[in-house]
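In this document, chain identifiers A, B, C and D correspond to the written order of the chains, with residue numbering beginning at 1 in each.
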Amino acid sequence: MSLDRSQTLELFSRMLRIRKFEEAIIAYNPVGHLSIGQEAAIGGACIALRVDDYVTGTHRSHGHPIGKGAEIKPLMAEIFGKRTGICKGLGGSMHLTDPSCGVIAESAIVGGGFPIATGAGLSIQVRGTDQVSLCFFGDGATNQGTFSESVNMAAVWKLPVIYFCENNGYAVTTSVAKSHGQPEIARRADGFGIPGVVVDGQDAEAVYAVTMEAVERARSGGGPTLIEAKTYRFDEHSNRLAIPIEYRSKEEISYYRRERDPIILYREVLVSRGLSAEVERIEAEVAAIIEEAVAFARESPDPEMGDLWDCMFSNPINMQPFEGQD
Amino acid sequence: MSLDRSQTLELFSRMLRIRKFEEAIIAYNPVGHLSIGQEAAIGGACIALRVDDYVTGTHRSHGHPIGKGAEIKPLMAEIFGKRTGICKGLGGSMHLTDPSCGVIAESAIVGGGFPIATGAGLSIQVRGTDQVSLCFFGDGATNQGTFSESVNMAAVWKLPVIYFCENNGYAVTTSVAKSHGQPEIARRADGFGIPGVVVDGQDAEAVYAVTMEAVERARSGGGPTLIEAKTYRFDEHSNRLAIPIEYRSKEEISYYRRERDPIILYREVLVSRGLSAEVERIEAEVAAIIEEAVAFARESPDPEMGDLWDCMFSNPINMQPFEGQD
Amino acid sequence: MSNSTQKLTYLQAIVEAQREEMRRDERVILMGEDIAVYGAQSLFDEFDEKRLRNTPISENSFVGVGVGAALTGLRPIVDLTIASFCYLASDQIINQAAKLRFMTGAQLKVPLVVRASTFYNNRTAAQHADRPYPLFMNTPGLKVLAPATASDAKGLLKAAIRDDDPVIFFEDITLWSKKEEVSTDENLLVPIGKAAIKRQGSDLTIVSIAGCLPHALSAAEALEREGIRAEVIDLRTIVPMDKETILTSVAKTGRLVIVDNSHKVGSVASEIAAVVCEEGFESLRKPIQRVAAPMVHVPYNGALEKQLFASKDRILSAVRAIV
Amino acid sequence: MSNSTQKLTYLQAIVEAQREEMRRDERVILMGEDIAVYGAQSLFDEFDEKRLRNTPISENSFVGVGVGAALTGLRPIVDLTIASFCYLASDQIINQAAKLRFMTGAQLKVPLVVRASTFYNNRTAAQHADRPYPLFMNTPGLKVLAPATASDAKGLLKAAIRDDDPVIFFEDITLWSKKEEVSTDENLLVPIGKAAIKRQGSDLTIVSIAGCLPHALSAAEALEREGIRAEVIDLRTIVPMDKETILTSVAKTGRLVIVDNSHKVGSVASEIAAVVCEEGFESLRKPIQRVAAPMVHVPYNGALEKQLFASKDRILSAVRAIV
């Protein structure tokens, strides 16, 4: 249950794609909620999944499809609001949903993904496949009622769902300590009779290992697992929200940036395993991918008004193809 | 922290009032959800409260105000839909709300009482009184998101709230085993960092003792407690809902009715303490109270259409006093 | 195509629709609280618990579970049982089910049916008696049905199950026990988006929604005896609305009474009035009349409760005001 | 009563209303997620954390906590921040806050204010951009406000806080930064239930809701240059609606355009149209026009998003159809 060489490189590459994708956003189109600092949690979890496994995500949506192996260009075009975007420019930064690689929903409604991921688990069980469904969510999201409702339902029905918490310590400006009766998210699992496990979210391979264990339990009918990956968000909550208060110290931020950067940490691991050349090749590749994606996004056309009508229904009824503006 | 003689008699009297009130409903006006079998849980919890402590309840609403010491006549008139009813005949069987004795909401929306009880706790804390707020709810209600949301908020803010589960084993036809990831409700408390305790809900004084402990913790700033009283509903879910399936065995029902009737059990305790005469006096008193209440309810007038308009707003604006029927 | 029929109540028709669609398509599942109690009991003889899910009391999540299942290959029917509980699930219905296809640039589809019964005139008081059609009218992306007969209940529910978009299916409990001959043809669907003219007339149009229909028809009969010929339209589909049938009728009659048991302000009746006033203004000869529930809550007392809702007399007095 | 004013943005006016009421009445508290981020930062200098509650992300419950606190002696302001989240809390708002007084036979009162900002024209896509006024129109028991100026925002919010019934207060973020002179009089309340005539005219009535006002006013100016005098009414209070001001105006002008950024079907505009068609039919000379958001979701792409909402040009073309 450990990664082979090519998998470790793929893991590093995906983590780096998340980082570079978001650095390009900062540079070219500063919208949205960044996952910088959380790449090991996302990448480590996703590398334990197959392409046909499902993932649901959050407003902090960029990392999940990239972690799941999605093509970068349509994601970047989406950030730019273009018609070539993965969601035709209609979803945007909080909603990079790519079903072709299993990412079926990125919910900007905090807590909205719990039931959907659980429903995907139900669907797997009814259809009798051996897929699994992995639900990404934040520490803040665990205070939504949908968290316990959904986890409980998955527990009752032994659904193949992995509830994966990216615990970055804060929900906007609110710390876990100030919003949770007790701060350990994983400890809530016991109330529903399922395993709960804590992992260092800055250690990509550690994340992989606990996720893989949960995935195997799920695939073999053992039901859901709650995983809490302790991680950190390096940037502000969102590039677009002014935060007028200091809710976390500058020291804390710089400690994480300096000592706990998941990309740096995993790069060191790979280099120490004698993979410098491969790492450098990946770095060059990723840079090229991102550059191309930005160019593609910039050159792409905007969506048109008619697209709004076209994307509303699968079976349109009593609807003019394009109602005009009224 | 044990009850004195007059308190034990008051406890027995309240339990008996619940029983006889509902037997009268069965006889005269068969609506609603009965608490028969659950009187020790309700009475034992309420006897630990002061008149100015708050209570919220559920669709199974008859027991809570009676347990809290409410006058019986307006409750009975409400069941009959009369204008002299505690809610003027507008609320009915699922909503016997009597704020004069601290009962501030009986929610027929399962789970609706959690936030309201928690809000009463917040209000107590902000106003700086030493009241407490006790929230009655069923086993089924714990699967509503509001349960964990509210318990968590009370835990974060250390609110003086007691979450009191009348675990009668079933939600309509659905057993706890089939609807809860693990069956012990109290075990969910730990996930929120608060104490969770299980008690025999057919033993009135045991219920009193654990509730009193929680009340004292709450009054002294120690925050919320989750109590799970294991009890049993002797009758069907509701007098008005036909149940076409057998979801619990006849043996189970008759075992509880025969061996675990809380009224019989507590009566035996009191008799064994030499209180036969007092018990018999109470039995006569309660019978008279109920008889009078039924007569009062039957003779009372119906509410009128104008009452509907009068009860809508505290500060009516742009509203004709009585819009007629349109 | 078979021509045989069987006599079914409105509620039985709903159960039969589910049975036929579950037989036809193994992707169809049914979820909800205590579903056996709410009519699905006989389905348990035929289908296993995999496809018949008794849920915990977690409305927002089990509707969302339906959404997730719909996104990944199933065609779930989620029974909310009582429509007043829809507010608990409105987040998953409105923010997710209705929006996901659009927000993903039409990559996904959400073939979900949510059933909800409007539980009024039943002495259960204000927390159980909502008729919340308007809640779902204002959000694009949903189809909203409200049949008034057993045949329509069956045919529309089957159409809803086969539809690839999210559908809210309102059942009116004042109709649950009403019987009629219902086709046994497994492929007989009632088209979503088409109103039904239940009675022809030229003097006045009455548009009726769900359980108002029997009252509208008896009002029309009473009017007939006075020589006033009312056209009675059963809306059947609230969204998308069959404007054409309504406008065509009003073009003929010039007079419109709308009967709707939802609360008057922001009601389905309001929307119909607005449409007619915008697109059929020239044919209107008299003010539109809305017969709807007044802006007070539903009381427990049954005698008062009854007066809030549609009745022959209330419809007749609205008609008197314009003929 | 003081006559002095200070220049405030719409958002600052909201903060000042809260500050004044919190000073005046210690029962007033403010709750919500990250409230400092949403404008309340400066209140933390003056009031302690007992009365300023940063909540966990639990919308249904923290609104319900507001209900419970309101029932027991406080006067809570609950900030839902973004109006799209109201669906998560609609159960506590509709099933509890709106119904509890009635259901208890008027034993209780619920002095609760729920704030929610309509977050449109801001490139946040469909899960953040709702204007869900209609959700709360159809339920009796709520008062629903939607001010369009800083002064009204302040005066209406203060009135809401002092009102003994539950009030939903919609803030329009397209107005958040708009400045005007606002009275510093602590007792200056804007009455709930009264519309404001923002411009007199005799040829045509434009009723505007919330952030549509600047567009309605510029349309009226443009029309003025053509010799068409439009009366512009800012609705301000959605429920209860000031029918009288609207009907009086339409009696004069005979023509009505309603501008509403909610989705067209089941909109506030629909209700106004229905009321006028019912009670003002005789004075109407032309079809009522609704300028509202079409029945598609709000897209992320900002250029497309803008076209869904009110603009001078869209209002003018609606006017052209009837003058």
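Throughout what follows, a residue touches a chain if its C-beta (ideal position, glycine included) is under 8 Å from a C-beta of that chain, and two chains touch if they have at least 3 such contacts.
Remember, predicted model here, so these are calculated numbers, not experimental data.
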| item | value |
| --- | --- |
| B-C against B-D, pair bridged by the larger set of C-beta contacts | B-D |
| Chain whose average C-alpha position is farthest from chain D's own | B |
| Euclidean distance of C-alpha centroids - chain B vs chain C, Å | 36 |
| Rounded Å distance between chain C and chain D, as computed from the means of their C-alpha atoms | 30 |
| Whole-Å gap separating chain A and chain C, where each centre is the average of the chain's CA atoms | 39 |
| Chain C: positions in contact with at least two other chains | 55-56, 58, 60-61, 84, 88, 91, 95, 102-103, 125-127, 140-141, 241, 295-297, 299 |
| Junction residues of chain B, two or more chains touched | 87, 89-91, 95, 107, 109, 112, 143-146, 149, 152, 156, 178-180, 307-308, 312 |
| Residues of chain B that touch chain C when the two form their complex | 31, 78, 81-82, 87, 89-95, 107-112, 140-141, 143-145, 171-174, 178-180, 241-245, 302-305, 307-309, 312, 323-326 |
| In the complex with chain D, residue positions of chain C that touch it | 60, 84, 87-88, 90-91, 93-95, 98-99, 102-103, 125-127, 130, 132, 134-135, 137-141, 239, 241, 262-263, 265-271, 273-274, 276-279, 281-282, 284, 286-290, 295-297, 299 |
| Chain B - residues contacting chain A, complex | 143-149, 151-152, 154-156, 178-182, 187-194 |
| Contacting residues of chain C [partner chain A, same complex] | 27, 29, 50-51, 53, 55-56, 58, 60-74, 76, 91-92, 95-96, 100-109, 111, 140-141, 143, 163-165, 192-193, 240-243 |
| For the chain D and chain A complex, residues of the former touching the latter | 33-34, 36-37, 41, 54-61, 84-85, 88, 123-128, 264, 291-292, 294-297, 299-304, 307-308, 314 |
